[in-house]
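Can you keep this structure in mind? I'll have questions shortly.
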Amino acid sequence: MAGRGRGRGKTVSFDVQALGFGRGEALPAANFQPPPLFPTQEFKPIPLDQNEDNAYLLALKQEFVAAIRKSPYYLKLDDRKRDIERYSDKYQLSSTDSSEAFEPDWRRLPSELKIKKRKNRKVSAIKPNLVARKKNAVKTEPDIDEKEIAKTLESLEKREETGVVDGEEMIGVKIEQEDDDDDENKAGGDDDNEEDIEGEYYDEDDLEEETDYAFNYFDNGEAYGDDDGDDDEGPVY
Amino acid sequence: MSKCRTYLCKAVLKEHFGDLAEKICLYMINKGCCHLRQIASETELPLDKVRKVLTALIQQNVIKFEKTKRGVVEYFVDIDVLLWRHRIPKFIHCAKSLYGDAAELLVEDIVYHGQIMMSKAVDNVTSKLNEALENAGHQKIGSSIVHDKFSLLAGSHFIRQCINGMETSEEELDERDQSTLYRVPPLHSTGKRKRSIDDSEQPAKRQKTDAPGDDGIYWKINSRRFHQYFRDQMFIKAISNRIDKRASTILQTMLRLSEVKTDDLCFTTQPLSFTEIFQAIPLDAGITRNLCEQYLTLMVDDSTNLVSKIGESGGGMFVVNIMKGLTSLCKAHLESVVQERFGSKSLRIFKVLLLKEHLEQKQIEEMAMIPSKEAKELLYNMFAQKFVSVTEISKTADHAPARTFYFFRVHMDQLARNILENCYKALANAMVKREAETIEHQ
Amino acid sequence: MAANVKQEPVEDTDLETRVLLMCHQNPEGITDALIQEDMPHFDVKQRVTAINRLLSTGRIDLLKSSSGKLIYKLKDSSSQDAVKGSDQQEKVVYQIIKDAGNKGIWIRDIRFKCNLLLTQVNKILKNLESKKLIKAVKSVAASKKKVYMLYNLEPDRTVTGGAWYSDQDFESEFVEVLNQQCFKYLVQKAEAAKETKVDPIAQRNSSYASSHDVWKYISELGISKVQLSVEDIETILDTLIYDGKCERSIVVGAGDSDKSKKLYRAINPVIQSTGLMRMPCGSCPVFHNCYEGGAVSPTTCIYMKDWLQL
């Protein structure tokens, strides 16, 4: 076949004339630079259709988006991280969160989605807490044997030391995984230990950094009953 | 799920539901069906947060759940519902233009809450309206007016009852049950309630005096009906452009007659007789019998193929060809894209290819009457951007280019899909840009 | 015997005249067998001489028929003068070119038909051209090919490309102008129809214009220096269809003309422009490189910036 790697001739396998270059005509200028990032646009966009209806639609949309941003359906990824817990936070935060609390109809939703209000206080870094709650866990999951509990305790201790977020969830998850029963509904039992949906989300990190003074001193709202209060808290001064 | 579609979902989620929902849903979109623990562990988010998001989104009809045989509940994102959320202003506006302010507020309320009971919605809207009326100095209105509007909306299928996901699923409904979806309970019913499939159990237990009479019946908007309405509007506008306003009135009548009778996925509507159509035309349009006949003939002859005559009984039986009409409109949009992107000469080449299917380079030049060099440039430009495709047929076994026919053609389906993806991406780009600009200039 | 001898020259010329007469009577040509039939008393030699003499004086032509038989045909006197003075070869070449009619004939084909050498053919062609008997016309299909045809003939459309080509160049402005004029005519007709008629169907029917009407209008406008035919106008109207500006319907002609008429009508577009093209993304050249966080992204897009006039 002509031009197949024979020397560096200009023979190509297709008809060059068909490309539009006549014989011997100048080829288009060679490009020495990368093409521009935003080449000039040959055809500009046609103007937007601006009439009354569209203006009204725009207003509707802006209203709607503003409304849902404030609604309970709009959820932020992280709550505002507080570097130092401030006195005013208690008053400021609670005001925004209590607006339009959204209570779904639980008859129409799987029960695993329910977040039960916690009666207990948050876990802190002290061991006795674990033991106390372990008892709670044991009550609801009678089929776990002692060995597993001990194992869990150890791993939890390790985790606590490294400052893992949301140790409670880990307990719940661990127990779940050790269960043979894969029924999700059983996870309802863990709800006792979980966070309250109302009220602010406290990151574990924050808690562990603080002293317990502020925590003990201020009441966090309706859900945090003081039934077992002092048992879970840190050293009593 | 295509990349562009996912990108658009991300933008919509961020705008409507926040970062948390965005993260969770993105994971679910990529995975398909997942169960709760899986989501929590893979996204590394706290379980409670995941629960909260799932609850909120189920309420908003974006996420659906299903109990599998093993008893595990699986959740999945209904992407269509999610993408249709950006049409919400249009839905609200549609309700307003059809049924007035009260209907507008009703739809707004329903859409805001996702699923809501009729009594609550009616109460909300009544209080909103009364507030506005009081401020303007007018008299208050009773909630029965709002209830009537609600019934109107339900009667024309713009809103429908929600199905309790814990009991039945969407596919299990049959014909008879479909009609119960649109039945509106009376406003202030107390005491006994009729047992319909949407009621939950334990009616006796919940007979508190302050529970609303229609407790357990939730309503949501029926997007498909709104889409049907928009589709009809497009047809009417097209005919109005092509012929004139009176023809579009006739078409509007025809579509209105077959609105609730026809399933929106049919290729054609039910046949309508001429007498039926003529009697249903509003009197103030000023269309005589003769005119009506003539316009129908014109519409039948028009190249968009929207209306066709299928028989002579009853003065002539006419159908609206939904599928053909949509195809013509789609073609028109694609041609508009080609024209605005490449120029009118390219449009000529494009249309030649559309009409004549397979053509060689030379034939295209001749038919479109465009000089050879220019035609080549335009054609190859369109080919490079995938608007036009090539079929090679070689005369010889060695496929030598000089002895091969190269036929150009336009592949409509493929092109339509490509342009749709481009639309998704463009919409998402616009949303992202808007967010960026608002943040920057705050 | 003397009578025979004496009669010979007279009979020869008689034979020639007889043959000529027969040629006149049979314009398609006469075969040798026919002559023999007619004048059986002449022998072969006399016939041959007579025919040769006629041939050399250029009164008749010797041709081969499709069945392989030789036919003698009368040559018209007009072309006789033209090639007077040319030699035999030139005559042959000239004849070939003449036979090609207004399509012209390529030099290679001439060579093939007369079996002469290339150099010879070239010389002859040059000669004939200088005598202004033939001319060379460049073909529009292959710009290097030259076809030869008689000087006074109009080249055929396939060679020159018809009305749209002048000297090998496609006259795009001419086509454009015609395009716009035709469209204007159709639009005017449609508007007139709308104003005068009330009935929508009558409106539509009177907004139709046949290709003949358009052709007349364009010819009257006088913008074309070349005479355009109805088919030419139809090709222009077809381009209007491809532009989406008009539609065509074919009506079978009744009455005197049994050709079917083509009717054209200006139409309105079905939609106003589509939404995607109202934003820069629609016509963006780097659309496929664009993603959030990249060099080309919505936040850095300069087209959007211009569009929003920021």
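By letter and in written order, the chains are A, B and C; residue numbering begins at 1 in each of them.
Just so we're on the same page, a residue touches a chain if its C-beta (ideal position, glycine included) is under 8 Å from a C-beta of that chain, and two chains touch if they have at least 3 such contacts.
These numbers come from a predicted model, not from an experiment.
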If you take the mean of the Cα atoms for each chain, which one ends up farthest from chain B? C
Using the touch rule from the top, work out which pair, A-C or A-B, shares more C-beta pairs. A-B
Averaged-CA centre spacing for the pair chain C and chain B, given as whole angstrom: 56
Can you give the whole-Å distance between the Cα centres of chain A and chain C? 77
Taking each chain's centre as the mean position of its Cα atoms, how many Å separate chain A from chain B? 31
Contacts with 2+ other chains: residues of chain A: 43, 45-46
Numbers and ranges of chain C residues touching at least 2 other chains: 272-273, 275, 277, 279, 282-283, 301
Hey, what residues on chain B touch two or more of the other chains? 340-341, 372
Name, in rising order, each residue of chain A that touches chain C in their complex. 37-39, 41-49
Under the definition above, what is the set of chain B residues touching chain C in their complex? 7, 237-238, 241-244, 246-247, 291, 294-295, 297-298, 303-304, 328-329, 332-333, 335-337, 339-341, 344, 347-348, 351-352, 355, 367-372, 374, 419, 422-423, 425-426, 429-430, 432-433, 436-437
In their shared complex, chain A is touched by residues of chain C numbered 272-273, 275, 277-280, 282-286, 295-296, 301-303, 307
Please give the residue numbers of chain C that touch chain B in the complex, ascending. 164, 170, 172, 175, 179, 199-201, 204, 235-236, 238-239, 241-244, 247, 267-277, 279, 281-283, 287, 290-292, 298-299, 301, 304, 308, 310
Given the complex, residues on chain A that touch chain B span 13-15, 19-20, 43, 45-46, 53, 56-58, 60-61, 64-65, 67-68, 71-77, 102, 104-105, 107-110, 112-115, 165-166, 169, 172-173, 176, 182-185, 187, 194-195, 197, 201
